[in-house]
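Below are two complexes that have chain A in common, paired first with chain B and then with chain C.
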Partner chain A sequence: MEALLLGDTAMAEVNLNVRDYSKDPFGRYKTDGEGNGEEYRIDYLVPELKKGNSLIIDLDGINDEYGSSFLVEAFANLIRKEGFKYEEIKCRVKFRSKNTDWLEEIDYYLDEVKKENQGRILLNNG
Partner chain B sequence: MSNPEDFSNSPAGSYTIHSPPNLCLYNGQYRENTLRFYTAVESYPKTEHHFIRLDFSDLEYISAAAVTYLFAMVTAMQIYISNNYYSFKLPKNRKTKELFIGSGLHVALKKGGMRKVKSLWNESQFLCGNNKEVSKFVNILKKRSNVSPLPQNLSSAIRETFLNINHHAYFGPSNLVDITWWCYFSTDSDSNGDFISAVIVDRGMGIPESIKRAFMSYNQARDSKCLEYAMQATVTSTKEKGRGKGSENIKRPILLNKLATHDRLLIMSGEGCYRYKQTNLSESIDVNELKNRLRGTLVEWKLYY
Partner chain C sequence: MVKEFLSNYGILVSAGLLTIGWFIIFNANKYITSRNEAKVYTKDITSLIEDAIESSIEFWSNFDADKKDLNYIFFKKSSILISKIRSYANILNLYGINLNINLDLIEFKKLLTFSPDQATQNFSSELKKYKKRKIVKSEKMGLSLITKINNEFIDKYKPTKSPLLHSFPDRILKNPSFQGSLYGIIVIWVYFKIGSILLS
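Moving on to the complex of A and B:
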């Protein structure tokens, strides 16, 4: 963990491996069973982000492929459900993988929330 | 006039139902006969005092999709109604009989309740379970199919299909039910090359019903139209932002395997039938209305490798 002092707050760069959470990440909600995206977001990602830390998330080393449900619930819903801004997540959460499809898919889901929010702003202003 | 295939008022007792020579859900010529056979079987009262003998004497051919639905129909009744509900007469045709036994179908259909279902996990290509057994299933598919690696995105498509079953098919998460899905996978070859087929069946409300309940504009729509709508990206009966991506996941193995232009995705649900193919870099969608209803949903990927 690398620490960077900004004023009184220690901002750290935290490395997280999805494989340490589950070798079989699957499902959206806690009710879907072990390895779900909601639990990963709430119990692993949000506490670190609330401390002010930045995250480097390694997606590799799992037994299988990611489904959209896990990726959306764990990562894109940091914006939809936890109140983080798109720019903040793009800046503070980096993803690492040898599989570029996974990286592109996460980007796509994050961009989708950004567009939703832009649409909402336009509606509010309209 | 009552439906000739409706046996719902049959008194307690034993009944024999003859299968048609071809149990096949792909070919239009055989599909409706196959569905009529299922409808007839399912229409008998589901009590411990009814005994149904399925007579496969005349059976000559049975397709992967048809066999999976049969497996689902039979084991569901055995587990939830009575282990003795069904008995069977094997095909007379020697080759069909060998296939019936050699494929593991006979073991998968015979009596045995949950003990049989658990033992299938040890060796069979006929498997059933609930949402807790999804990762276990994908691992078995990888090992037992002898296709390594599996076609790209097949396992994530399967996972999302199971998740859809858990979220939608039975009116919400169904972790308390022992069996919510049934599956059969096989490998074979034809003039286009070697392929893997994976079929998943559930016995829930069906995709068209789910769409009709969620979208007023589809309330009166035909099942095939509901199915086509459900398979569009971002359509979700939950109407929650960020959902509705499962359908894209389900199509993706076909989309990504552009070299194999004979791959296809087949979905049948209610009275709707949806076929998705990728030919010459453009997608092809074919939807049909069935004359006979299929209970629940059937999804099959046929992927060349």
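Moving on to the complex of A and C:
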């Protein structure tokens, strides 16, 4: 963990490996069983982000592929359900993987939430 | 002077022409082989997408959130299938068929492997609508991917759609097979011409 002092706030960079949570990440909700996205978001990501830390998430080392359910629930729903802003997540959460398709997929889901929010703002203003 | 030149260097001229002819025919063969190989990959990728559509229709028609093992198997199988389609698309890129379907594949994967939220799962009418939407959208997306891939293939390797004389000279002249055949004829003609000059 690397720490950086900005004013009075100590911001740390925390490395997380999805493989340490589960080698077989799957499903959206806790009811879907072990390795689900909801649990990873609530128990692993949110506490660190609420402490003001930045995250570097290593996606490699799992058994096979990520399903959309896990990726959306764990990462994109940081914006939808936890109230973080798109820009904040882009700035504070970095993803690392040898598989660029996974990185592109997560970006796609984050952009999707951004578009949803922009659409909502337009609707409210209209 | 021509006779003297040909009697001294005729064999070299013939050999030179034969080498160039061989190169043109070799090049045309390479083109045809590439086309055939790319066609096999296009066929394979098409059949993978068709499988994905078929299993999506079957799975989402009978979707039940409580059948966890079945759902796990389908979601994993579909994710691996998409990854396989992606690697085939990368191979087709090597054949000059630039598919550029990454975002389409992410969307397709989401249609196949994204489960409904809990509110939808709890209301049977909403779940019915959700399942219908999944089936229709995944089929539409899959078919549009197949069309896109096949169009890109045809764009790169143009089909011969009209008789030889109809498309002459625009397409035929640029066709490597035609160039090879024409060059072969010229080489044979020159070879016999040199022979007849030397013998006379």
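Some points to look at:
Just so we're on the same page, the second predicted complex is superposed on the first by the 126 of 126 C-alpha atoms of A that agree within 3 Å, B and C clash if a C-alpha of one lies under 4 Å from a C-alpha of the other, contacts with A are read in each partner's own complex, and residues count from 1 in each chain.
In this section, contacts are C-beta pairs under 8 Å (C-beta built on N, C-alpha and C of every residue); 3 or more make two chains touch, one makes a residue touch a chain.
In this text the structure is predicted, and so the values were computed from the model without any measurement.
Set against each other, chain B and chain C differ in how many residues of chain A they touch, and the higher count belongs to B. In the superposed model, A:43 makes contact with neither chain B nor chain C.
With both structures placed on the common chain, the touch criterion links A:116 to chain B but leaves chain C unconnected. By the touch criterion stated above, A:104 is placed in contact with chain C alone, chain B being left untouched. Of the two partner chains placed around the shared chain by superposition, chain B and chain C are both touched by A:33.
In the superposed pair of complexes, A:76 makes contact with chain B only, with no contact to chain C.
Using the contact criterion defined above for the overlaid structures, shared-chain residue A:64 touches chain B and also reaches chain C. Judged by the document's definition of touching, chain A residues 26-29, 31-33, 64-69, 72, 109 lie at the interface with chain B and also at the interface with chain C.
Put simply, chain A touches chain B in their complex at residues 24, 26-29, 31-33, 35, 63-69, 72-73, 76-77, 80, 109, 112-113, 116. Within the complex formed with chain A, the chain B residues making contact are 131-132, 134-135, 138-139, 153, 155-156, 159-160, 163, 166-167, 173, 175, 241-243, 245-246, 248-249. The residues of chain C lying in touch with chain A in their complex are 65, 68, 71-72, 75-76, 78-80, 82-83, 86, 102-103, 106-107, 109-110, 112-115, 117-118. Chain A contributes residues 26-29, 31-33, 64-69, 72, 101, 104-105, 108-109 to its touches with chain C in the complex.
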